[in-house]
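Chain lettering (A, B and C) follows the sequence in which the chains are written, and residue indices restart at 1 in each chain.
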Amino acid sequence: MATTLTERRSEAARGADWREIVIWAGTALGVAGMYMAILYAPEEATMSHAQRIFYVHVPSAWVGFLAFGVVFAASVGFLWTRRRSFDLAAHASTEIGVVFTTLAIASGAVWGKSAWGTWWTWDPRLTTTFMLWFIYVVSLMVRAYGGSGGQSARFAAVLGIVGFLDIPLIHLSVVWWRSMHPLPVVVSSEGFGSGLPPEMLYALLVNVAAFTLLYVALFSIRRAQMGAQDAIAAQRDDDRRSTIRRGLPGIQEGSR
Amino acid sequence: MSALAVVRQLLWKDLVLEVRTREILTAMTVFAMLVAVVFNFAFSPSPQDALRLLPGMLWVTLAFASTLGLSRSFVLERDQQCLEALRLFPFDPGLIYAGKLLSNLLALLAVEILLLPAFAVIAGVALLGHIGALAAVLLLGSVGLVAVGTLFSAMSVHTRIREVLLPVLLFPLAAPVLISGVRATLGILAGRPWADVLPGVRLLVAFDVIFVVVGYLIFEYVVEE
Amino acid sequence: MRAYIPSRGAVWVQALAVRDITKSFGPVRALRGVTLTVARGEALAIFGPNGAGKTTLLKIASTLMRPSSGQVLLFGANPHEAPHLRRLIGLVSHHSYLYPGLTGLENLLFTARLYGCSDAGARAEAMLAAVGLSGRGGDLVRTYSRGMTQRLSIARALVHDPQILLLDEPYTGLDRQAASAFTALLLTMRGSRTIVLTTHSIEQGVALSDRVAILVDGVVAYEAGNGARDVSTVERVYAECVGVPA
């Protein structure tokens, strides 16, 4: 963040960087999306206004799964190339993904309460989202407690890959489970364009776009933050060692 | 040395060590029995309920008992850093995974063989009539549990919180096994037609194949430094 | 079964070469550009304070660890890319790599078989005899003394007849008698095998080696061949490099 006058001048001279553009675009879309969700989209037949949380729930869930896809890709990249930047990307996406997934579950619960009078239901989509949330949380645990830096990064990457491959299987098994024991209430399909009047669809798409842009912005900021933390730690380590080594005879300086 | 011979040698080592101490098997079996008894205290199922509750109780018991055996299996390699020694051999590290997978699977199957009659007696449910189908489902489910469990126990043994981390990793990711296993077992005991149970069996097979292969390929990244 | 050893000119002479090896653990740089070569049949002793990177270097040379950058060459071939080359290496670590629940003989049989030795039984017996443990081969390793365990670890490292023997601070925890027995054993192998040894004991290291190197803070601070190899010289240089008396 630019604080001094000189910093601000040079930053203004440079022009907007792409992250800023994304944030502004996302905010604009977000505002538009909220307007459309609250005022533009028609009232839903059975649930009236409470149904509008759908415009938060679906995009959040979508971003939660998108973030996990990014975690998977970054994990594969990390194990393949062992480059730290992939690990940082996976970490950043995990942190952001867990936030959006939490939001998805919370909004889903609120919707469930107003629609069916119950805070939770083992609907396949909600259940799979809940399991995704668990995998995210465990992933963060592994990063926190998984041993020394390089090790926990590798473990988290393994978990990212195994988890991603597991999600479809989890979903299928819950769907089968539910097919044998149908829910007491019938969950109306909320898939894209299936039985949705066009205004609702547009509102939904705008919100999905807004949330996606928000994810991209948060992800790149967090990722840059982590890269900076890394660089600072490396610099500190370098400084410490150079003070130790100063003045010792005949030491070969290894190539960097 | 052929891959099969390597795996056989690794399995031999685990079997000899286990037969001499009987630590793992005893701990797992006693624990499993205790969990089963606690379930019966908790639910006090009537004969009608028992049929409905038994599959769930059985699979939860197996899930908990498996975490015991799984974590022990890598702890014994930690003693003298024997896992490092295994990585010094000129074969693919995935074979270490395969050897451990088999020894963990055998331990779990042994516990199931002991547990199943006990469950039948305690819950008062006749299992013999369906023993073939039950055994198949239990085998498939056990392979699934052990496939991801072996991978995760190799990970958690390197951490400070290994006793906690293994179940926390295993249960969410083995959810398809538990869900499909319980539902398939329920279907079998209720005498449902095979077509009803088949989707669950297919899911178990898919899970097993995917995660044994993934485990084999990814294991070297778990143990490398 | 021996691994193919290429005979490319001067490379043939180098049993073990590490080139520009760096290793970072996150921001911490444990090795910062280490280059060493060991000729066939030569014995190299590496000294250095704790944290210098000696164990890390041996782990990288033996393929237990991957370097962040740089190359390891065994007789000209990279074992990180060709895992079957691990057959050329025997590693003695400060961990014994032995299963306490197996007997001495079983440990050796297990190792010999997994290295692909067709005559595993004969080799295991022979190695037990070579380290003087024939009588105790049938006892569980759990019952061995520290000296016996150390001897068995060497037997384990040698049972597949590796060309290169790597030893990581093997004198740790050995009393005088066991240490001199160990030195005697290593001396019998000089010339026929390539040896790389890290140790805190400059006296032992110099006695066993043809060349010495001092590793400080992840770089090679000093290297010497047959000339400056008496104990007092090395101790003096070591003290200079590290900044405290050795």
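Note that in this section a contact is a pair of C-beta atoms (placed from the backbone, for glycine too) under 8 Å apart; a residue touches a chain by one contact, two chains touch by 3 or more.
This one's a predicted model, so the numbers in the text were calculated from it and none came from an experiment.
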| item | value |
| --- | --- |
| Closest chain to the centre of mass proxy, which here is the mean CA position | B |
| Most widely separated chain from chain B, with each centre as the mean of CA atoms | C |
| Pair exhibiting more inter-chain C-beta contacts, A-C or B-C | B-C |
| For chain A paired with chain B, centre-to-centre distance based on mean C-alpha positions, whole Å | 33 |
| Chain centre separation in whole Å, for chain C relative to chain A (CA means) | 47 |
| Approximate Å spacing (C-alpha centroids) for the pair chain B, chain C | 39 |
| Junction residues of chain A - those touching two or more other chains | 150 |
| Multi-chain contact residues (two or more partners), chain C | 66 |
| Junction residues of chain B - those touching two or more other chains | 224-225 |
| Residues of chain A touching chain C in the complex | 82, 148-150, 230, 233-234, 236-238, 241, 244-245, 248-256 |
| Touch list for chain B against partner chain C, complex | 1, 5-6, 9-10, 13, 16-17, 20-21, 76, 79-82, 84-85, 87-92, 224-225 |
| List of chain C residues in touch with chain A within their complex | 20, 22, 25-29, 31-34, 66, 216-222, 240-241, 243 |
| Of chain B, residues touching chain A in the complex | 148, 151, 155, 158-161, 165, 168-169, 172-173, 175-176, 179-180, 183, 187, 196, 199-200, 203, 206-207, 210-211, 214, 218, 221-222, 224-225 |
| Residue ranges of chain C in contact with chain B within the complex | 59, 62-66, 83-87, 89, 91, 93, 95-102, 106, 110-111, 113-116 |
